[in-house]
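Take this structure first; my questions come after.
Letters are used for the chains, namely A, B, C, D and E, taken in the order the chains are written, and counting of residues starts over at 1 for each.
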Amino acid sequence: MSSGLLIALSVLLPVAGAFVVLALGKWPNAREAVTLITGGGTLWLVSGLLPYLREGARPRLDILEVVPGVQLAFEVEPLGLLFAFVASFLWIVTTIYAIGYMRGHEEENQTRFYFFFAIAIAGAIGVAFSANLFTLFAFYEVLTLCTFPLVTHHQTDEARRAGRVYLGVLLTTSIAFQLLAIIWTWQLAGTVEFTQGGILAGTASAGVLGAILVLFVFGVGKAAVMPFHRWLPAAMVAPTPVSALLHAVAVVKAGVFTILKVSVYVFGLDLLGALAATAWLAWAAAATIILGSLIAFTKDNLKARLAYSTISQLSYIVLGALLANRWGVIGGGMHIAMHAFGKITLFFAAGAILVAAHEKDISRMHGLGRTMPITFGAFFIGALSIIGLPPAGGSWSKWFLGMGTLEAGQVGLLAVLMVSSLLGLYYLLEVPVKAFFFKPPEDAHRPEGIHEAPTASLIAMIVTATATIGLFAYPDLAYELMSMVVPGGAP
Amino acid sequence: MIGLGLFNYWVVIFLMMVGFYTLIARGNLVKKIIGLNIFQTSVFILYITMGKIAGGTAPIFVQGEQEVVYSNPIPHVLILTAIVVGVATSALGLSLVVRINEAFGTIEEDEIEDTAL
Amino acid sequence: MIELVDVALLLLLSVTALAIVRQQNLFAAVMMAGIYSVLSAGLFVVMDAVDVAFTEAAVGAGISTVLMLGTLALVGHSEHKPKHRPILPLLVVALTGGVLVYGTLDMPPFGDPANPIHHHVAPHYLEESEHEIGVPNVVTSVLASYRGYDTMGETTVIFAAAVGVLLLLARGPGPRRVLVNGLWTTVAREEESPELEADEAPATEDDEPKEDDDG
Amino acid sequence: MSHHLPVLLVVIPLVAAPFAALVNRPRVSWAIALGSAWWAFLAAFALLRQVMADGPIHYALGDWAAPYGIEYVVDPANAWVLLIVGMIAAVVTPYALLSIEREVPDARIPLFYAAFILCMTGLLGIAITGDVFNVFVFLEISSLSAYALIALGRDRRALTASYQYLIMGSVGATFIVIGIGLLYVMTGTLNMADLAQILPELEPNRTIPVAFTFLTVGITLKLALFPLHLWLPNAYTYAPSVVTAFIASTATKVAVYLLLRFFFTIFGASFSFGEMQLDKVLMPLALVAILTMSIVAIYQDNVKRLLAYSSVAQIGYMVLGISLASALGLTAGILHLFNHALMKGALFMAMGCVMYRVGSVRIERMNGLARAMPWTMAAFVAGGLSIIGVPLTVGFISKWYLIQAALEQGLWPVAVVVLVGSLLAVVYVWKVVEVAYFRDLDADADIQEAPLSMLIATWALVLANFWFGIDASATTGVARRAAEVLLGVGS
Amino acid sequence: MDDRVILRVGAKILIPFILLFALYVQFHGDFGPGGGFQAGVIFAAGFILYALVYGLGTAKRALPPTAVYVCAAAGVLIYAGVGYLTMALGGEFLAYNVLRHDPEHGQELGILLVELGVLVTVFGSMVAIFYAFAGRRKVQT
């Protein structure tokens, strides 16, 4: 199969799968089987692109010229491939999880759920493979819009309010800031193609370029840099698989991915490091890291706590990009993968607790670990990865990020990372600790013996937890890809 | 006639503005149409005035005579068309007035606004 | 002499126009509008525009007046006193008039043969139309041939007006439809009744919905 | 045949109208209207192809050479507008069959179609002619029939709306006549090309600027530029759905074209924008229109009125493009003529479907309508996304160009206003979406999906929204050529 | 109606003259002021006078509304028809030169025909509009 075909199919296959799902709505088993097959196919297609990159090629697929000079085009580069890998792999796992969750929770409109889910994956892969800012923006908005029905899945008043915040923030930031930044870039550079080394260098004064950078960082609302983070907690009204895949992986990672990509391929690290705005934005990211952690600290609702943890962790990646050096970018890129596996495990666990024990609040989970050991075990592993402790993958990315701050000479930022990790240590580990070691509240009705979530959900959780540990032992692929993004000397 | 200079135009402009005023200031729907008619008729006068040549005659060829100055026929043609358009507009406007009267029971603008609420 | 007639007519026109504005009996206003038309037709004759004068007299004083009277017969003929002082309209009118007067300042004086209007296209008509078309009345030549397409448009305008008026006022035969729940629904197909005499036509046999969707 | 194409484009519908009026069978009249509309569409398309390939076409009516006779001149700018009119008519007419049978009593349908054809003929005639007085004649053909068509709305306020439009339209037309008269008195010609040649040669004087002012005010009355838009909301709200869809997508567009023709071809950009400083007037008005009218739209309860205010705002976008007076700005404005016709056509047609089944387009009657009329509401959402300017829709392409044009001149606040307008569009579109998707269908409501013929027509426009949003090279190519022709640069 | 005898007799005498005058205006348009439009208006005025004097019912029997509508439409068709004819004969739209062997006669014929078209439409439209207004009845308010 040619590389162009591989690219086209990896975007189109989920779309095709979505429509088959729609057609098979009346037969749930067939519908979910198709989703799984599509997911497997997509992963296979994406992995087919790896050899090309290893040869140093950048497979490209031009679809058409939308307006003169602006292409709808795909180009696979290592960062995008990493993101596509993560998204398509976790889609399969999440589908397995969702089969258990959605049935166990007796959700309505499941066909619509699987349909938009598949479209969202197509959108994420489109973002990952986009060859220029225009294509990226297009798929970015596709992703926003097709996740709206997922966020508002329950169609209640609460869902409607959340949907307003979700769409309001994401559309506002993307249209008002990001689009402006893109068109400004086009205006200055005459191109919006992602190019190694950047396209903006020397096109305008540092002030203007700094303004564009600010527009990009805040315009990518999906990266949830404060104060544009409100949508993420709001989106938690969605069913847990949605929170897990989209709001821990696909959607938010599309955001930070965009920022990394803009940093590396639009500004270029040299230019980025020279801009005064970069330093200021790095501190905005740092503030988000700390504030996100602090707010997470105060949340008793488990999903809300995870959401704020996500906000905090996303800014690690943003910070990595803004450090404007090789280590920062490698660390940030790897954190896309590491955080994805860790956080999805946590969400899976949170959903499992909801399905099996009907508990949302951490304070009511005391002692629950005894009834749900696998779930809380997985939660523990995921938490380690997020905090950045061995033996979980997250320790690698945090390590590189730390090196990045040192290379940038920003000891203050290193301190921020440390403090945030310490906070994470508390607010994440509190959950399994209380579940395993505290006594259940008196009014809780706990069934005797082991009473875990549906098997499908457990399988998914075990897979991601194992993978989290696996990534500690074998971070090679992520590292290899990220090294290709910023070629340079050995560490 | 050149002695009149621009005076002629100014009077015509005054007439136009009287019509225009009736059109926009009055609340009676028929009166508005009357205002529109005056406004348009005055514009016609402006056009025709522009086409006049002092000492000229109507642009109809007279057999045998050579040294005749004819006034400019083009404004005449344009205004013929405009008159027709004007009466067409009036007819349509008036039929709307009839229908409005049937539907609202009045042809005063403020009363229509009251009943519509 | 002609100047005198011109000035006199303009004076009369001004008086009539002002009288129309002040007149609150609409019948009187319509009659005066007719007079206004006749006066302007007189002015057109002075200005050598005999065709236009003819038309203005027939349309402005004739057809328009008949239509207006017909309308008044249906809608009544007294106008309410304006309630508040029309400051804004006065401002608009003053501004428009002011701009126009300003515009005339550089216009060639009235009746000047050196006026560019008389030197570009018009002479061609006056000189060539006799052998190009062979009709003595240049207005007719221009109207029906040089600018014949405009006249076709004008004919279409009249036709469009007729279509519009019929759409609004005529009641034709055909199935009777009434509003049910805000939608037109055929209730029963009646016999195609012979058209009713004006005097016998019921007032609201027509299909005007009186319901208020938005209010 | 092809030599006569310019005149046949107009006179074939013109003779079709009397036939449509005379046959006393509604469906035959409809068929005649359908034929005329498709003829106009195909002929306009052929003309556009011809002028793009071979340059402007001149057709001397009555074989009298300009300036002695009237001539038709087709160049990319007006061929484009002709195509818009023809295309919208061709889509709206099939849709009209059922919609009109619901909204207009049978006895009036033949005359309705006659007036409809005349309206289209008038618009075509305005766009194609090269003679300023001929513009006025055809303007009146289209206006008179439009007044009658609007008055046919089933609410009695359609009558007052039509009357108001008639008064303001007649004032506009009379102003245009005054302007033409003043131009004529200074130049002695009515031919556009001739005027364009003579005007720059005149000594500086005070008459031409006044002529310019009157023409501008007259035409802006017709195109409903803020604050001369007062007739538009009522007219669009109370007219029959088909009429709203047609007039909203064509009549204001033709008026904008007329403005372009006068500003650029006849007076010339250096006079309009240099001496008259037109941009200083138009740009603030356009910006105020975009902001205030979008906000007013948010507070409407009648969706047709909401869309009408949105139209006034969108006219602001077109005028904004014009006021930039650059090739890029003009391209944006011309492009938006077409794009806005597509989106507003689709939206109003979707509302026509609602009107057909529900009998009202008030927002409280749309509770849960997405369940009863999924295709109709999906069309509304799609059109709404286009209004918002989501990528891969035509609305995005317009914005892309408009913002680029603003940034090109360093007017970044203008770009911001454009984007803020988009965000306001999100609010008013989503207001409808929430009601249709998040409320429960009234229990006693027995509402079905709209008839197929109406849906197909609506979706034809919706798909065009996406098609020309994804592959905009054709539309932008024509718009650019048209802009160049108007500015007198290039070929 | 009897007290309007003088009116009716007067009208009876007047109307033929009005119609005759209209025809004169129509055909004299080439030489003096006048033409299809004025003739049409006068024609219509004559007929409207008839209707006013003898009643709408009588008028409609003499000239049924359908005939009037056909007139209104036919004029446009005649006018445009001349255009199509010249086109068929190889000229441009409304280029009357081709109607006859020599241009001047062609022009004369063309003008005659299109003026006829104008007359028919104006007459038809004016009477149709009059019928529409007269057929309406006053609403008590």
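In this text, contacts are C-beta pairs under 8 Å (C-beta built on N, C-alpha and C of every residue); 3 or more make two chains touch, one makes a residue touch a chain.
Worth saying up front: this structure is predicted, and the values here are computed from it rather than measured.
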item: Common touching chains of chain D and chain B; value: C, E
item: Top chain pair, ranked by number of contacting C-beta pairs; value: B-C
item: Innermost chain, where centres are averages of C-alpha coordinates; value: D
item: Geometric centre distance via CA averages, chain E-chain C, whole Å; value: 18
item: Chain A and chain B, separation of their C-alpha mean positions in angstrom; value: 70
item: Centre distance in Å when chain C and chain D are each reduced to the mean of their C-alpha atoms; value: 27
item: Separation of mean Cα positions, chain E and chain A [Å, integer]; value: 78
item: Per-residue overlap in chain D, given as positions that touch at least 2 other chains; value: 14, 17-18, 21, 61-62, 64, 133, 137, 140, 144, 147-148, 151, 156-157, 178, 184-185, 190
item: In chain A, residues with contacts to at least two other chains; value: none
item: Residue numbers of chain B (touch at least two other chains); value: 20, 24, 50, 58, 60, 74-75, 78, 80-81, 84-85, 88-89, 91-92, 94-99, 101-103, 116
item: Which pairs of chains touch, using the document's own definition; value: A-D, B-C, B-D, B-E, C-D, C-E, D-E
item: Touching residues on chain B, where the partner in the complex is chain E; value: 58, 60, 80, 84, 91, 94-95, 98, 101-102, 105-106
item: Footprint of chain C on chain D - complex, ascending; value: 14, 17-18, 21, 61-62, 64, 67-70, 101-108, 111-112, 114-115, 118, 121-122, 125, 131, 133-134, 137-138, 140-141, 144-145, 147-148, 151-152, 154-157, 178, 182, 184-190, 194, 198, 205-207, 209-211, 213-214, 237, 302, 356, 359-360, 362
item: Partner chain C, residues of chain E touching it in the complex; value: 25, 29-35, 37-38, 41-42, 44-45, 48, 55-57, 60, 65, 69, 72-73, 75-76, 79-80, 83, 93-94, 96, 103-105, 107-108, 110-111, 114-115, 117-118, 121-122, 124-126, 128-141
item: In the complex with chain B, residue positions of chain C that touch it; value: 2-3, 6-7, 10, 13-14, 17-18, 20-21, 26, 29-30, 33, 36-37, 40, 43-44, 47-52, 55-56, 59-60, 63-64, 67-68, 70-72, 74-76, 79-80, 82-83, 86, 89-90, 92-94, 96-97, 100-101, 104-105, 107, 109-113, 115, 117-118, 121-122, 125-126, 130, 136-139, 142-143, 147, 150-151, 153-154, 157-158, 160-161, 164-165, 168-169, 203-204, 208, 210, 212, 215
item: Touching residues (chain side chain E, partner chain D) in the complex; value: 69-70, 72-74, 76-77, 80-81, 83-84, 87, 91-97
